[in-house]
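For reference, the structures are reproduced in the following blocks.
The same chain A turns up in both complexes below, where it pairs with chain B and then with chain C.
Let's look at the complex of A and B:
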């Protein structure tokens, strides 16, 4: 019979094996990819970084990436902060539903968001109808473009708005809990002191120190997400490249000896520079997150809200505006799937039909049907779920064990390893596997499970983020009590751990499936066999087809609607079982 | 008393405990015989809880100084022979009252028998009809009674009670202490009850021992 010492030894060995395997799966393909690119180009990594600043293509991509990321962060804060303020400070009926609705964009697949914004800026779309033409840049936007001389201003604005749409939930989820749990007496006290006489004084002496770290943390994350955005850039600014899209576009021909060496040079240079920028940005985020958590949770949320009462008319307008902004692109995706536009006698007419749905449901010779793509997506998502949950749970348990044993430095290292896939973007992970594994072993191209590797790597950090606080909050006395009742180790585990982690487990499972279903960057690079296309790839393929067939566009929208509906259901499930107090997490 | 009753259940010889270089207690000695209820009276923070946790194996004891029925506690595999009632009632929130009580049962029974067991135990602790109740609906006193029923159902050879009534008001505490003694005696339990309340110690125990005396016995010898 195993003693408790034996069990601890076995459990520790399993934990370390999983952590090391996870770390190697992240690092090795990337390392091999860099080695391969170095061999193909004949350049060292250092030479490649230097060459980055001499190539026009890469310099332009860096400029555009930094510009769109910066503007995206600013717009996200402009929209997100008033929302967080109103939501966090006042009493709202059905606050959990409002929170859930505002959080939807963050879990929505990027390709669905891209379709929503394409529908929004489309000719005859809502923006066009009110005189804002972001596509052909006539009207106000055309004037801005001609005055400033910026090329494709409309597309740039659409991209920035789409990024803001994607990221407002981050700002709300990080800033709102800080506001809603702030002790109202702090505000009363500052008003009675000379330093808080003026509004500016209160902002400077109370609000900025209090919510500043949360805003900074959210801004840093918005920057990272906008920096690595791929599907939105691909579809909203097709004439411009970010570092991520440049890498993806060049990746197809990179890493092959004596063929298109220029693309290998670009991928190597961009990969290294992006890695440096992302690691720096995430290190700053991690530092800010620690600072943010120190100032958190002062009083109970309900008592703080009660003391401030109901929101004003302005507050309600802000919230309604925010909700419309959140839901409009998604509603437009669904509506667009039923609208078929035809040109008759030189005029465009729109008809509401189910034809696009029928065609998309049946598929054709060039693309899969929705059910086929959906079943591929679900197979990938379910396999991803099994691996991610097990790996994420084991890593989170290890971090907690190391923290409890006072080994804080090692705990931090394991934590960093778990977050590493976020520093290496989806496209970089996809390219790592393509260049690091498949170029050495092309036979693996046909292995249908290849896309599962990046899916697992990209979803595991979210599982760790959800499970870790829950594992940390487990009360050891339940385990002790179960042991004292003479229960078997399995029963002790069920009653003192599993039963308390069911909520977070359901949340992380729903998020894992949702993120896997919507994953685009890595899948786009890796899925080579048409029969294994996922739903998000199907949307991209349909949108890429020539539009002389009027059904192609609504067919893409129909596929996006299915993906959106599925993600929406999973998200609602996650919100329903989300444990109290975890609202500010993912 | 017959010979069996006098059998030593727990024997502690020169037990010491240190934490991060600080001595919590040194040279603690204690003998508890079968069917005895011992109360140990001592101030808060003196190490009473630590001692109980060492007896049941939740804390590691550095030397072979605790013997349970003649066997070194370090070599003993915890299989429900020692029961523990914590200061805060530990009831599993995902299970109702009845299912929490059943966790103490050593025998696997069919549904009908289980219902009977729960019914009997609930009547025994004066909470009939509470089987389907949720844990969060229980008062502090009720929760502690359910914990007691569960601990007794496991039929431990020794029951350790770590100030189980400290969170209750004076009136409820007095009532529950008297009831607990009655329950323990009716099941012929051996128990060590630690508390800082003199009245509670006198009400529950056959013998009241003072913490300082336990730790100084060896020194005086």
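Let's look at the complex of A and C:
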């Protein structure tokens, strides 16, 4: 019979084993990739970072990446904050459905988002019809281009809008819970004080201190996501590179001795500079999130909402506008899958047909069919889910345990380790694993779990982020009571922990599945060494083909629609599992 | 055949005689390569390293699998360059058995790095049915041509109307103001048609009367004349070119009226648009490059027998003669031609004089040419 001391020892050992294994899986491929690139280029890491600032293409990519990330954060806040404000302060019917709908973009595979925005900004598309021509940059956009002298303004704007679309839910889901649980009396009281008798005063003395950390935290994450954006950049600004896409373009030839050394130099330099910038951004995020989580749950959400009543007409307009903005690109993707062009005597017409669906379903024009890609995607998503939830939960629990035992420094280190995969680019993780396997165990290439590794690494940080606040807020007295009732250790665990964590588990599951389905960067570099085509790869392959045949584009859209529908259904299912009253946070 | 080519061919032929030693395979130069043992386990599957070769669709693969019982798995690259990169990267432990898609601008690098091993297909009766033009660049046992086409400039006939804008009679015409910002080229650094066209320009400017300027002077002038350079063929042809199907697709920008594609691309345009196209190819001697795509067994393959069978299948009359319809490229078989349907053949132009640069020279100088190109266009 195990004593409680034995159980603690076993549980601690398991936790440390998982943390160390997780850390090694990130650090070893990265270190190996860096060492190999150093050997291939004959440059040290320091020399490489210096060389970054001497190469035109890397400097240009950094400038573009910083610029698009900054503008993306600003636009995300401009659109996201009014939405969060309206959603958080007033009474809404079907609020959980509205929240789910607004969250859809964040969990949509980036490749689907890219397809949706291509359709949105197309000539003859909805934006073009209202006079905003982002592709050929005529009209207003052309004027902006000529006034500012910035090339490809339209494409830049399209990318920034797409990033905002992608990240709105981060702002809404981080700011809304803070707003919705704020005690309305605070607002009334501050109006009576000199510091709050003007609108500016209230912003300065109430709103900024109150929702500022949540906004800053959401902004930092938006920055990270826009900074490492890959599929959207590839399709929306084909003439420009972010650091991530530059690395992906050069990644294919990187790490090979005596062959295209220039690409190895670029990958090494870009990887290191990107690492420095992202580590800084994530350190800020982690700090802000800690501050943010301390300001939660002032009053119950429903009572606060009731006291403010229903939204104004303006509020409703903001929300409807937000929902249209959220859903339009997705609807366009689905519609495009049914439209096939016909050219007769030089006149183009569009026919609504199921031909593209039939072809895509049968795998014509590609080496695999939708059902095959779908099953690959699902298998990987489910395997990723199992690993990520277990690993993420264990890491979050150990951070909490370390915090409770006063080991704050160690807790912080483990916290940073859990965030590390977000700072290291997907491309670099993929490359590290690829080179490592080649060096030590090429037979592993045929192991079907290989592409799951980067998926697990990239989704675990989200599981930790979602689970940690929930584990922190677990009431220890429940566990003690369960023990006093004489329940078995498993039952104690179920009643005092699992039952309270179902909500966060559902949220992290939906995020994990969605990210795994949409994951593109790491898969993209790894699939080149195995036959693991997923739906997002199928969409990209079809889109990359010459489209003389009018069916190819709608086929890509059909595959994207399946990917979208799958993500949508899985996400809604997970949201349904989430118990009522769990609030709206991620 | 010009003198340079003759001399080089003679050197190659002589060299090949001294290259065959016991246990080593060798081909058209004195390169000695050891046949490597399998880089991966032979589990009966045939692993094919390729890019999006359109002919390799699900039904074509299925009929091979049904006929032979061999299961196929693909390792996909984005383009021909990616295939070479992958073979270089996994040189010590090749993960595929057969490569499909390296063209004659990359083939020599693969040969010199011992990435391919000999195939028995050269002894097959079907090998005799391969046209001499497809075998012109390479006749060895390491690679077998499976499709071909000629890369050349395509222009929009609506723009080049013969009155306001006349058909260019020299590449220098494209550096003139009326073409400012109206041309787009896929980069030779990352695109295989882009590379083929760069090779054509090298021969074009080496063959012209002017000895003061070379291809890279022209590329520099093109860059100054605001030519658009894109990473791949699709971005140039689909996004920027006004004469092709791109105008009907999402993401079209349509700011250039001349780009790089195949001489038969207007035929493909017509084939899919009920015999309608306003794109045509520029018939200017030595501005085109005869591109041949090859298949070959990878040195380090596990399923060599399966790879041989697939080469037979790919070169069979049934599969290869359908290349124009299924792969939008010419077949390599003798007496094959383009279909008449919807003006495919009618609109597919045939280049009169293509550029001639031997494979060995391409391999030797490519790195320098690419560096020159990068410098000229940045």
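Rule of thumb we're sticking to: the second predicted complex is superposed on the first by the 520 of 586 C-alpha atoms of A that agree within 3 Å, B and C clash if a C-alpha of one lies under 4 Å from a C-alpha of the other, contacts with A are read in each partner's own complex, and residues count from 1 in each chain.
Assume contacts are C-beta pairs under 8 Å (C-beta built on N, C-alpha and C of every residue); 3 or more make two chains touch, one makes a residue touch a chain.
Nothing here was measured: the structure is a model prediction, and the numbers come from that model.
**Q** Answer with first, second, both or neither: which of chain B and chain C does A:486 touch in the superposed model?
**A** It touches chain B, and chain C stays clear.
**Q** For A:449, is the partner it touches chain B (first), chain C (second), both, or none of the two (neither)?
**A** Once the two structures are laid over each other on A, A:449 reaches no partner at all.
**Q** If we overlay the two complexes on their shared chain A, which of chain B and chain C does A:478 touch? Say first, second, both or neither.
**A** Once the two structures are laid over each other on A, A:478 reaches chain B alone.
**Q** Just chain B (first), just chain C (second), both, or neither: which does A:238 touch?
**A** In the superposition, A:238 touches chain C alone.
**Q** So, A:136: does it touch chain B (first), chain C (second), both, or neither?
**A** Second partner only.
**Q** Which partner reaches more residues of chain A, chain B or chain C?
**A** C
**Q** Of the two partner chains, chain B (first) and chain C (second), which one does A:499 touch, if any: first, second, both, or neither?
**A** first
**Q** Should A:549 be classified as contacting the first partner (chain B), the second (chain C), both, or neither?
**A** In the superposition, A:549 touches chain C alone.
**Q** Please identify the positions on chain A that touch both chain B and chain C, taking each partner from its own complex.
**A** none
**Q** Using the touch rule from the top, collect the residues of chain A that touch chain C in their complex.
**A** 56, 118-119, 122-123, 125, 135-136, 235, 238-239, 249, 252-253, 255-256, 259-260, 336, 341-346, 348, 362-369, 434, 438, 442-443, 445-446, 527-531, 533, 537, 541, 544-550, 553
**Q** Please output the residues of chain B touching chain A within their complex, sorted ascending.
**A** Touching chain A from chain B are residues 56, 58, 77-84, 86, 88, 90, 92-95, 103-104, 106, 150-151, 154.
**Q** Which bits of chain C are touching chain A when the two form their complex?
**A** It comes out as residues 39-41, 43, 47, 52, 54, 56-59, 61, 73-78, 81-82, 85-86, 88-90, 92-93, 95, 190, 228, 230-235, 237-239, 245-246, 248-255, 268-269, 271-274, 276, 278, 328, 378.
**Q** Touching chain B in the complex: which residues of chain A?
**A** Chain A residues touching chain B: 1, 3, 477-478, 480-487, 495-496, 499-500, 502.
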